[in-house]
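Below you'll find the structures, each written out as structure tokens.
One chain, subunit A, links the two complexes that follow: it is found with subunit B in the first and with subunit C in the second.
Coming up: the complex of A and B.
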């Protein structure tokens, strides 16, 4: 039994850890060929952190952040509603929330794409309401699609914390004269923060590197960190692997930084950090 | 309950929930529905027919993509479950608990890093090292093998998480008792361990398969943008990019939806042994 852990550990080191080291090595090469080694330097990073690429990185960060906040904002009332239902109804509703996770992501985004195209149903409804702006190939459309695509991922981590809320605490608070705002501020929010942070991490990190949505919805007109990385590696015109590696590392650093800040924001002393990890582990 | 005593508030919340879920499901339902369209175009309804289902069944490209997906799913599942099983066997019994903790995070790493970075890491690794190494040995390490390796790497994280929780409730006393009574390793494995671990293994296998079916990024990058090999999601991706779209794309999408959902739900049902929702999980 002593050696049985080895194959898996070797496999993961070989295919997850080692590639990172190699990406690091690749990103400090000045030339754009994969098989050439040296001369070395930070020119790829310099290029990535100057316009126009710095703008793309900042854009991706801002849009992913805003979209994550939207997703969580949409999901919280739903989860709050479900967690207050009687147990049997609860299971049914939460199942309804979980099923979209099993629907293929490409298919789901394509199905959404059909609706927001110029002749699509949603565009027609918006036109009827007097909003005459194209959604496909625009940043607004990509943003909406991000929210649509990632909404299902928010439900379960949020539900685990909302389910644990003790209704007698809010009851006591309102008996003592606390309004809705005060109940949320002092009782509900502190208790659900770990779940919110966990779902934020779940949504924000993949969103930051999202390639499929900007490419499909944006139709090549909206560039994000994901589409830039893709074109550096697979693009038909002048692929540049070392530069792509530098961009990927920037993405990784941004994701880890946000993750770090999110975990730091958790209430200390209170078991916030621990429970966020346990929620992340469960999901 | 305070909030439910306010009927207006409750109605508002219900309305919001129904609206959001409807918005989540409607596009998918419409997509499936338009697969039964009789007309030429994906977007204009011209009556009910199974014409495009028949067309899809006789479309070699689509059948090939389906077979590719199933084949890749099968192989990557076998690899990932085998790796996860042997790993959990070690992690459960090792004396070095701290080392087991670190390796746990190594195993779940694919769940936390952006998939695009993972895919690129794999791409670089395979193109730069594995391909030349295998060529030297006289094997051609093609895109199919690359995608299998990639999906297995992605799925090991999920599989080992599911199996770890299952191993936590493993009753080692039974094994010790069997050993005292003279059972051999093989007998213990077959008659004590397997029956206890079986639901976890099945759940891990289903989820691995679902992860493989669902994956876009790894297949996309390792098959160089879908040009070298098409899985079902990549085939849909390529159809979506074409100018003239027929309802065929709806049919292919429906097929993928149903196959993937089947595995996803089976995996969920099998893995939620303890509480109802604690183990609900999805491939991210």
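Coming up: the complex of A and C.
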């Protein structure tokens, strides 16, 4: 009998297994209110997987995926630039990129809201440029805020792989006739794939369940999986815990499926390359 | 010089505000095995990076068959580099590594396969084509790096201390292989090393760098027999310096050995000696250990012995004696004798030293007014 694993087992039971089982139990209740227990069944799931809720789930998946891709697309050139700086400047830049992580998420999103509200600086700049589309309370605004909010989370996993890139590898590639694009395609990107997948997992999963941004920026007009679940549990009008539990389980299944696919897509690691898991463990 | 493939013209370079290369010029002929030899920090790797195109010189020019390639990016230069750490691509197998340069040239797939296998055959790595890089030993990785560099058939191959990480046995074997490979392919090699023996074993010509300057350039024989400076003399082989005074550019007197020798005067000796100056030019003679001969001095001999054996190293074919000169300088010299012709002398033996060479390089002391 091994006792060393006991704290971990207790922790997992109390905070993962029990809530999960309770969520399962909740989700098979037929009625809207838990105290009016009735016959069990999967009607909540049926409701969750049919319009309009199936549309919301698909929407959340698509938007989270697109926003994750944008975040990584923006982060890669920045991280590449930082990783090539001389060590002292590099430390300063990493610090600057990490500062937002020290700020409360709500505070950061609120600050962003100040920029994109109708009389906000960003909106005014866009208007000046001739783009007259409101950002607050729109999908575009929510999307931009998602990208902004999750950008700092992508930096560190990406930085760990870019920092380890051996400059002589890219030199060797250009020596053998590779131009900039070919160096990225054949040398740099294959070497940083584990970091890209790690940061994708890092931002995609919380984005899928994100409700703060749609609620604050969307002003209740943009619905997402996260806001739906929140309103089923805490909503003032018609809370429905069993339905909320069913939606939560759908979210869990979606996130797990995407995680599974992301890891399956990875090429086998080789020496000198960190695996996605080791990067996730470090963070 | 016509017929030179690469001409380095007055190249200077700075790294972090420090001059790393100062006004360097030399030519590398087509088909030559040329070495850049110098102690670490002499700027030889910087020079290689400039030739490869990874660094830009502060001033100067690189000519390729007489045409300037100074501003050309690395991918447009018809040369390939074998990196010190090999820089093989770890996510590709051996074949894909070797084929990389050919693919970048957009050759048809059949030709890529043929030429990559040919290059692997040259370095005897064909059976390993499908292996991953991390499954190879250091020597095998070295061969793959070499095959990758020669597969696109560049005119020039640059090698940055490629044997540095290998053990002695393997290094000697690779030296022979490299040299025969270079002959077989008829390519020009520029080989960077700090190992004098390695440079001598392979090179047609060698350029010696010291603190970013070219000290001397020439065949191994010239560098060994007639080094142009004390630095070169000391850097190549073993050197004994004996104090001497030269009356003119032809002869010098060496008081320690009580002898007159014919000299090859170098550098400032002739220039600094003014015609009206009657004083002798002070300087040193370069005598290699094998150019000295010693004979034991019997105790009852009336001739004053001019040396005493301090230490002996038995090296197999040769015996090296360290002999203290019995003059006021009290300096030491190394003497190599053939072990088959000499019986061993004990430490403390009195010996007479002779110089066997015909003409001895002489370096005048730098006058400090």
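The rule we apply is simple: the second predicted complex is superposed on the first by the 262 of 283 C-alpha atoms of A that agree within 3 Å, B and C clash if a C-alpha of one lies under 4 Å from a C-alpha of the other, contacts with A are read in each partner's own complex, and residues count from 1 in each chain.
The rule is simple: a residue touches a chain if its C-beta (ideal position, glycine included) is under 8 Å from a C-beta of that chain, and two chains touch if they have at least 3 such contacts.
The model shown is predicted, which means the values in this text are computed figures rather than measured ones.
A.B. asks: In the superposed model on subunit A, is it clash or fit for subunit B and subunit C?
C.D. replies: By the criteria stated at the top, subunit C and subunit B fit after superposition, with no clash.
A.B. asks: Which partner chains sit in contact with A:190 here, subunit B, subunit C, both or neither? Use first/second/both/neither.
C.D. replies: The answer is second: A:190 touches subunit C but not subunit B.
A.B. asks: Look at A:15 in the shared chain and tell me whether it touches subunit B only, subunit C only, both, or neither; answer first, second, both or neither.
C.D. replies: first
A.B. asks: Please compute the subunit B to subunit A to subunit C angle from C-alpha centroids in the superposed arrangement, rounded to the nearest 10 degrees.
C.D. replies: 90
A.B. asks: With both complexes overlaid on chain A, does A:166 touch subunit B (first), subunit C (second), both or neither?
C.D. replies: Once the two structures are laid over each other on A, A:166 reaches subunit C alone.
A.B. asks: State whether A:176 touches subunit B only (first), subunit C only (second), both chains, or neither.
C.D. replies: Second partner only.
A.B. asks: Examine A:230 and indicate which partner it touches, taking first as subunit B and second as subunit C; both and neither are also allowed.
C.D. replies: first
A.B. asks: Is the number of subunit A residues in contact higher for subunit B or for subunit C?
C.D. replies: The partner making contact with more of subunit A's residues is B.
A.B. asks: Tell me which partner A:51 touches in the superposition: subunit B (first), subunit C (second), both or neither.
C.D. replies: A:51 sits against neither subunit B nor subunit C.
A.B. asks: Looking at subunit B versus subunit C in the superposed three-chain picture, what is their shortest Cα distance in Å?
C.D. replies: Checking C-alpha atoms only, subunit B sits 6 Å from subunit C at its nearest point.
A.B. asks: Using the superposition on chain A as set up above, list the residues of subunit A that contact both subunit B and subunit C.
C.D. replies: Common to the two interfaces on subunit A: residues 171, 174.
A.B. asks: Taking the touch rule as given, give the residues of subunit C at its contact with subunit A in the complex, in rising order.
C.D. replies: 52-54, 73-75, 79-81, 83, 85, 87-91, 100-101, 104-105, 132-134, 148, 152
A.B. asks: Which residues of subunit A touch subunit C in their complex?
C.D. replies: 166, 168-169, 171-179, 182, 186-187, 190-191, 267, 270-273
A.B. asks: In their shared complex, at which residues does subunit A touch subunit B?
C.D. replies: Answer in residue numbers: 1-9, 11-20, 22-23, 26, 34-35, 74, 77-78, 80-82, 84, 91, 93-94, 96-108, 110-115, 117, 119-121, 148, 151-153, 156, 159-160, 163, 167, 170-171, 174, 183, 202, 205-206, 208-212, 216, 226, 229-230, 233-234, 241, 244-245, 248, 251-252, 255, 280-283.
A.B. asks: Under the stated contact criterion, what part of subunit B meets subunit A in this complex?
C.D. replies: Residue positions touching the partner: 1-4, 10, 13-14, 16-17, 20-21, 23-28, 30-31, 42-43, 82-84, 86-87, 89-91, 93-94, 103, 106-110, 112-118, 120-125, 127-128, 149-150, 152-153, 156, 160-161, 210, 213-214, 216-217, 220-221, 224-225, 233, 236-237, 240, 249, 253, 256-257, 260-261, 264-265, 268, 276-284.
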